[in-house]
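One structure below.
Chain naming follows the written order as A, B, C and D, and within any one chain the residues start at number 1.
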């Protein structure tokens, strides 16, 4: 569907795109952890769509927010879209994070870099459903962590930075809050960071769901390009994922 | 009212638009986007006699106006297809064709026999670009001898429409097409992917786990069009053209060059509804130009 | 300080960047844009023994990330080049190579002899993609026999660096390259253009006067890179890579795949200063990665 | 060089782009009939530059005007360039129109469609040099003829339209002003119109220069794609042209 870009906010390495459904249309139901496939117009070097995780959804306002990391021409071109222009997206795609069954479960949402994006909407939905999510967000430096105030609306926020410019210095897995073991971990971020979280979860036998970001073409499970080598063989991250339970993975 | 029907040696299509194997899954993945009753047919994923896990990740690299893939025929095997998938898609309101692949002639034959037993599959597309494990991994489809052997063997056991999908990685695709025709192919589809490669200069590594892979997308269209043109001068059987088709205009170019039908591949990834749009666009073109039947376009290129 | 020099079997270049034949005229056309002392060399237009008017207009069609051309070797002949053009460009502060073409082996030999007599031309690039008029128009370079005959004949009379430019329109470019090497080539450059075609759907006519033409530009890069990689596994002589190179990153990919030098072709049309920028970019890459000599990049692709 | 887009004006089928040299730079001398090669950014289907004839030059203001006919994605994308953006151009390219020797020569500048563009600057330079140019401009309908007032600054303007919505109805070669034979014709437009003008010039033995628009790649005489089959063989329109004297051509 074509969504209208109603607002955007730029940082040095990422951009927040606020999209709204056109008047005659409605956003479908979207679950945390799902993603959209965005068509990029006007980038001669971009041929395929770009998969972008859902940052936030406001059904009342019919808004979908995407937090896009600028990594190449495609995402940079996307960031230059004019306010008011239409952006074509396929949505919602992929399997979402699962909801906890125990209302008292201690939930830790661990994100790194732009991987913090899907955790905002997850945090909102968890809180809306009566859970108490906590966030543990890591980055190289403070300026890479944008809009922490939004996360704070839905739960406590713990931070690590590699240079110590915000929160505890080091990696997320070194944060003191993890001394107090969570019941469930939801994780998204760069692969080395997710591998470290996975090790922590295994060692402490904690439920852990991770959102993978393999390179994709179709986003629909048709091309079989984005496969992860799971315990049940190659599975499409776009369709069987992007969220996998740690015990599905060979990590 | 344009007559959009085409008949490929016994295989009737309501219009000349098919979706290419490996780019449209089993059709189900595109059910939200495409009204199957508006396209000529779908060609499902490459199917082999045995289950295949395919190649390791990474399998895809974006290139200028195209992409490389190295999926490696991941599929659950012909028996699984027949038992689990076929019942779900058999009643789809369009032609469902199966792309058949193999590593030995025996595998091709066994796979074709299983697919033949499925009533509602009117045709197979034989993928002869697979490496022949008994011939040092050279693809069957790059020599006239190799393609003749596999087409003859399958022809003996397969009695419905036999479409043979040609590799473009050859010196003379016309010679290969003639060999397929002489060996009993009912039609030829072309082009399969061009062999290519991509490198990450910073990491100094190939972008694909297999180093090389298959190039598809708009970038290959000029090569595909040329090969369809060459093959149309060499064979009598119908040609199904593919290679970078992303619009009705592209499709019409292939028809003019000599194709009787076309397949849409990589463009499905960019616009999942493109196949239906192309079918509608071909009809609109015919109306605009006062062409009564889409069949009149085949080979209608003016080259005086 | 990066050592950017490369030596191609006796042909010394200050850096690995050449401009491709047919895309850089005689260099003079680019004098406002390029400081020739900053690039390894230029390869001037395809030169034949006799004057050729080339093909009728239209000769060019834009394609996705590329273009087709059907110039047809328009040039005023080797004698005119030697008398009129050579004196103007002989003292250019870079290597000036001449691309030599022909329709018969005798023509190639005669043309090579004239160019050999020009002191300041240290090498020729033999274009073996031309149709052999005595063999029904099939290009010399698409069979091992065809390429062997023309390379052997030219080798006998030409005693400077003999570079042979390979056609990509073949089943096994490695076999063709091996034949060129065995016949005395000092180096091979690849790829020449892929044969393609473009159609104007509204007019139902080919876009080129010759129907088919040569595809070049970014679209062909994956195919070119794959072929350089395959040839690098097959021959010992240096490889000059080309095909869609538009940036230093592209150039480095070709070096990593096995090329010792590269040529910039179609990209000259989009940015006439690109050759110099690519040379500077390669040096910057080496500096950034702590690479002492650009020669270390050749074949340095990690494929474990 | 990179020129800044300082203003633009859009019509249904064409766009006027007003470009200005950046402060530290100067436009080179540009002669009427020359063209520029424009790089098009942001059009995935455009690979090569687009040759555009020079519409007007104001050296005092350091302005170069281009009148671009929107025929495809490339020119459409160019028309969407934002005011203030830089546009990369190679200029000046090609051989210009020649200047008359006889100050009393009766000069007729005949243009059709977007081919009227190079005649504006030619008219200006002719007038600046003491000549009295006249314009004969043709189009399918009145709305295809833009900015006729600019032409009127430099000489009398005669018009034909195929539908008769402005000036005399018919083709330029049918205009009554041609009953009074000019001494020199300068012509630019669609090929059938130029062929008709060429026939008129031959019949009446009038000096005639025509600006051709063959499809180009490099614009520098290097690729040999844009050749015209002249009496002296294939010549590059980008380098030997775009302006040819009628007696060079095989028309």
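Assorted remarks:
Everything that follows uses one rule, which is that a residue touches a chain if its C-beta (ideal position, glycine included) is under 8 Å from a C-beta of that chain, and two chains touch if they have at least 3 such contacts.
Quick caveat, the model's predicted, so the values are computed rather than measured.
Distance from the chain B centre to the chain D centre is 47 Å, each centre being the mean of its Cα atoms. Between chain A and chain B the centroid-to-centroid distance comes to 36 Å (mean Cα coordinates, whole Å). Averaged Cα coordinates give chain B a centre that lies 34 Å from the centre of chain C.
Annotation for chain C: residues 63-66, 217-218 touch two or more other chains.
Residue positions of chain A touching 2 or more other chains, listed in rising order: 44, 46-47. Arrangement of the chains shown, judged by which pairs touch: one closed cycle in which each chain has exactly two touching partners. Here the chains touching each other pair up as A-B, A-D, B-C, C-D.
Listed in rising order, the residues of chain C touching chain B in the complex are 63-66, 68, 142-143, 169-171, 194-199, 201, 203-206, 211-212, 215, 217-223, 225-226, 229, 244, 249, 252-253, 256-257, 285, 300-303. Interface residues of chain A facing chain B in the complex, by the touch rule stated above, are 39, 44-49, 90, 214-229, 233-234, 239. Interface residues of chain D facing chain A in the complex, by the touch rule stated above, are 41-44, 46-47, 77.
Touching chain D in their complex are the following residues of chain C: 22-25, 29-30, 53-54, 56-67, 69, 71, 74, 217-218, 266, 268-272.
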